[in-house]
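In the two assemblies presented below, chain A is common to both, partnered first by chain B and then by chain C.
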Partner chain A sequence: MSISALWAAYGSEYLQALLTTWKLTFFSFGMAFVLGILITVARVSPIIPLRRFGDFYVQIFRNIPGAALLILLVYAFPKLKLLFPYATCVLIATTLIPSAFCSEYLMSGMNMIEKGQIEAARALGMSFLQMIRRIIIPQALRYSVLPMTNLLVATMLTTALGSTVPMVPRELTGLVSHINTHATGGVTAFVISAAFYCATAVLIGFVGSRIDRKVRILR
Partner chain B sequence: MSKNNTSIRDFLYEEPGPKTRTWIRIGTGIALVLLAWLIYAVIDRFNVTGQFREKYWIFFTRWTTWRFLGEGLLTTLRVAVTAGAITFALGFLLMRARLNRHTVIWRISAGIISFTRGVPTLLFVYFFFLVFPKTGIKLTGFWKITLPVAISACGVVAEALRSGVNAVPKGQREAALSLGMTERRSFYRVIFPQAFRFVIPTLIAEMVIVLKDTTFAYIVSCADLMQNAKVLISNYDALVSIYLVVAVIYILINYGLNKLSDSLARRGGTMESRRAKA
Partner chain C sequence: MSAQTPVIEMRHVEKYYGDLHVLKDINLSVTKGEVVVIIGPSGSGKSTLCRTINRLETIGSGEILIDGEKIPEEGKKLAQLRSQIGMVFQSFNLFPHRTILDNVTLAPVDVLKRNKKEAQQEALELLKRVGVGDQANKVPAQLSGGQQQRAAIARALAMHPKAMLFDEPTSALDPEMIGEVLNVMTELAAEGMTMLVVTHEMNFARRVASRVIFMEDGAILEEGAPEEFFEHPKTQRAQAFLQSIREH
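Coming up: the complex of A and B.
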C-alpha cells in the first residue's frame, strides 16, 4: 500500500494512536517521577526499614522485564481477585518500571554532590531541611536533567507494551500490528509509526539538552 | 549508581542526639509495622484466593519442571547472547561510520543511531513477525526475535562505544601517529582497546536491556523461558505461581548483570555506567 492510500484509510487512527502514546508517556512519566522522588526520600531516610524497602523496590522494578510485569498484572492479578482494565495495567507497568530508574538517577545525581558541601552547610548552621532544600535538591535535579530526558524517551518506548494486550484506544505500536494483521499495511505502516516515535524522541532530546546546557553545573 | 563505595546517605546526617534517636526509633517502629502489614496483605491475598494450595506449587518439586524451564532459559540466553554479539558488531560499524570524516557517512550513521534509539523494540519485533514472512524470506522463531532485539539495541551500543573512544586522551592518537602508525592501526591497536575497557560496564548494562527485550519472544513463538512458562501453565493450570517464579528468575539474572556492571565500573573507576534505555 502506498503511503497516501494508507494515510487516507488510517490517518485519523494514526493521529489518535500518536495522542494515546503521548498521553500514556506523559502520565506515566509524571507519576513515575513523583513515585521516584518518594522512593528516593525513603532510600536516604535515617529509617533503616524504609531504606531497605526502597532499595528492594528499585531492584525489583529495575530488573523485571516489562513484558513479564505486564503479564503478571493482566493474567496473574485477576486470579488474586484484583482485576484492572487493560489500559490501567499498561499504565501501572509503564509507571512502576520508570519510577525505579527515576530513583536511581536521582540517587546518582545526589551522589555527585561532594561531602564538603554538606559539611559547609552544617558549618553555616543550616538545619537539615534547609540543607535538603537549598543544597541537595537543586543540585540533584540539575545533575539529572539528561538522565531524565533519556528516561522520558525510555518511558515512551515502554508504552509500546500496550500493543501486547487488547488496549483501547490503541497506541502507535498496537495500531501497526492491528493494521498488518487485518490488512496489508506492509512496511509503510511501520514507517509512519516509527517516524512518529522518532520525531517525539528527537524533540524530547532537543528540549532536554537545551535545558541541560542552561542548568548544568560546570566543574 | 555511584562511582565510589560511599553513598550520600552515609554522610547526610550528623550523629543523632538523644531526641533524634527517639524519633528515629519511633519512625523505624512505624515503618516496620507498615511493612509487616504489607507483607501480611500480600500473603492474605494469596491465601483467600487459594493460591497457596498444594496443586499450584507441588510440581516445582519435580525435576522435569525445572528441566523444562531450564531449556527455555537456555533459549533465552542463546537469543540474548546472539543478539548481543550482533548488536555489538552493528554498533561497532555504526560507531566507525559516526566518527568518519565524510559528512555524508557520519550523517547517515547518526540518523540510523537516532532511529534505533527512538523506536520501541516491539515495533521491530512486529516488523519481523508480520512483514518479513510476506517478502518470502523464511526465518525461524529464533531469528525473528534475535534480529529485532539486536537492531533495536545497536544504536545505544554505538553511542556507548563512541563515548568510550572520545574518552581516550587525544595524545594517544598523536603519539601513535608520530610512531609511524597509520590512522587505522592506531585506532585498532591504541585507541579502541582503551575505549573498550572504559565501556565494558555500559555494555554489560546494555545486555540487561537485551535480555529484557528477549521476553517478547513469545510473540513470535520462539520457545524461550516465557513461552515454556506458558506451556507449563496450560499443563498444570497454575498461572500465578509459574509467572511469579519466571519473573523472579529474570529479576535475579538482571540483578546479577547490573551488580557485575557496577563492580566493574567501580574497579575501572573511569566512567559512570550509563543506561540510556530502560
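Coming up: the complex of A and C.
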C-alpha cells in the first residue's frame, strides 16, 4: 500500500495513536520528573538509609530493560494479586525508568553548583529542605534542561513498549503492528509513525533549547 | 547576660584534619563592638578558625561560646545560631540564579519568617547603604566583584547578626575594588558591629581593628593593639611575616 492509501484507510487511527503516544509520554515524563526530584532529594539527604534507598532505586531502574520491567508488571505481579490494566502497566514502566535517569541528570546538574553557595546557605541558617528548595534543585534543574529534553524524547520512544501488550487505545508503534496484521502496510505503515515520532522529537528539541536559553545561569 | 560576656569566645579549641593539626589551643574572645583582625601566612588556619565559629567546620576539642552559650551541635538550634552570625566569604558565594534582591531576602523570609514585602523594603535600604541599590534586579554575574561582595555583606546584614565573620573579603578582588568593600566594612565597624576579620589589608587593620591576632601553623602567636603589633611585633615570625607583606 502507498502512503496515501494507508493514510486514507487509517488516517484517523494514526491521529488517535499519536494522541495516545503524546499522552503517555507527557504523563510518564511528568510523573518521572516528580519522582526523579524526590529520589534525588533522598540521595543527597543527611539520612543514610534514605540515600541508600535512592541509589538502589536508580541502579535498578536505570539498568532494567523496559521490556523486562513490563513483563514483570504484566505477568509476575498478578501472581501477587496485583492486577493492573495494560495501559497502567505501560505507564508504570515508562515512568519508573525515566525517573532514574531524571535523578542522574539532576545529580550531575548539582555537581555544577559551587560548594561555596551551600556554605553560604548554611551560614545563613537555612535547613536542608530550605537549601534543597531554594538553592540546589532550582539550579540543578536549570543546568539539566538539555539532558531533560533528551529524556523526554527517550521517554516517548519508550512508550513504544505499549505495542508489546494488547493495550487500548493503541499508541503509534502498536498501531503499526495492528495494521500489519490486517493489511500489508509493510514498512510504509511504520514510516507514518516514524514521521510522527521525528516531528515530535524535533518540536521537543526546539522548545527545550528555548527553555535552556531562557533559564541558563549566567556565570 | 553581663556586660563582659564576649559575643564570641573560643576556649582551648583544637582541630585536626587527619594528621594535620590545624588549630592548636586557640583561645580567643571578641566582645561587643570589637573588631578583631586575624593575619597570618596562607595555610596557618585562619579560615578554619573562622569557620568553626558558625560550625561550618567541627572541632576536635575545646569549646566555642556565642553570647556565653555553647554552639549547638546540629539541627534547628544550630541553624538558628548560624542565622545570628553573618559570614562573608572570599568568593562572595551569592546565589547565581536569583537576583541581588532575592539573594538578600531569601534567608530573612525563609529562616526568620519575615514578611516578604518588609524584607524587600529592608533589603533595598541595605543595598543602598552598601552602594548597590541600583543593582537590585540584576543577577550576580552582571555585577563587578566589588559590587557582588558588597551585596554579600548586605545579605548577611539582612539577618541582623550579632557578629560578622569576614574571611579575606577582598582577596579575590581587583585592586580598584578593594577600597569600596573596605569602606563598607569601616562604616559597619563605626556603627558598632562586632567583627572578626581575616585580612591582609594592613591599613584597614590599623585604622579599624581594636585588636590584631597573628596566627601561624594553627596557633595564635601574638595578639595586641594594631599600633603596637605593626610597629613592634614581639615574635620573630610576626616580624618576618610583616616584612614579607610590606615588600609586596
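Quick note on the criterion: the second predicted complex is superposed on the first by the 204 of 219 C-alpha atoms of A that agree within 3 Å, B and C clash if a C-alpha of one lies under 4 Å from a C-alpha of the other, contacts with A are read in each partner's own complex, and residues count from 1 in each chain.
Please note the rule applied: a contact is a pair of C-beta atoms (placed from the backbone, for glycine too) under 8 Å apart; a residue touches a chain by one contact, two chains touch by 3 or more.
All figures in this text were calculated on a predicted structure; none of them were measured in a lab.
Touching more residues of chain A than its counterpart among chain B and chain C is B.
Judged by the touch definition given at the top, the superposed model places A:138 against chain C, while chain B stays out of reach. Contact with chain C, but none with chain B, is seen for A:217 once the two complexes are overlaid on the shared chain. Of the two partner chains, chain B and chain C are each touched by A:122. Of the two partner chains placed by the overlay, neither chain B nor chain C lies in contact with A:23. Of the residues of chain A, those at positions 122 touch chain B in one of the two structures and chain C in the other.
Of all residues in chain A, those touching chain C in their complex are 114, 116-117, 119-127, 130, 134-135, 138-139, 142, 217-219. Contact residues on chain C toward chain A in their complex (touch as defined above): 54, 56, 76, 79-87, 89, 91-97, 106-107, 110-111, 139-142, 152, 155-156, 159.
Every residue of chain A that touches chain B in the complex is listed here, in rising order: 43-51, 53, 59-60, 62-69, 71-72, 75-76, 79-82, 97-98, 101, 104, 107-108, 110-111, 113, 115, 118, 122, 128, 136, 150-151, 153-161, 163-164, 172-173, 176-177, 180-181, 184, 186-187, 190, 193-194, 197-198, 200-202, 205. Residues 1-4, 7-9, 11-14, 16, 24, 27-28, 31-32, 35, 45-46, 48-49, 51, 114-115, 117-123, 126-127, 130-131, 134, 208, 211-213, 215-216, 218-219, 226, 239-240, 243-244, 246-247, 250-252, 254-255, 258, 272, 275-278 of chain B touch chain A in their complex.
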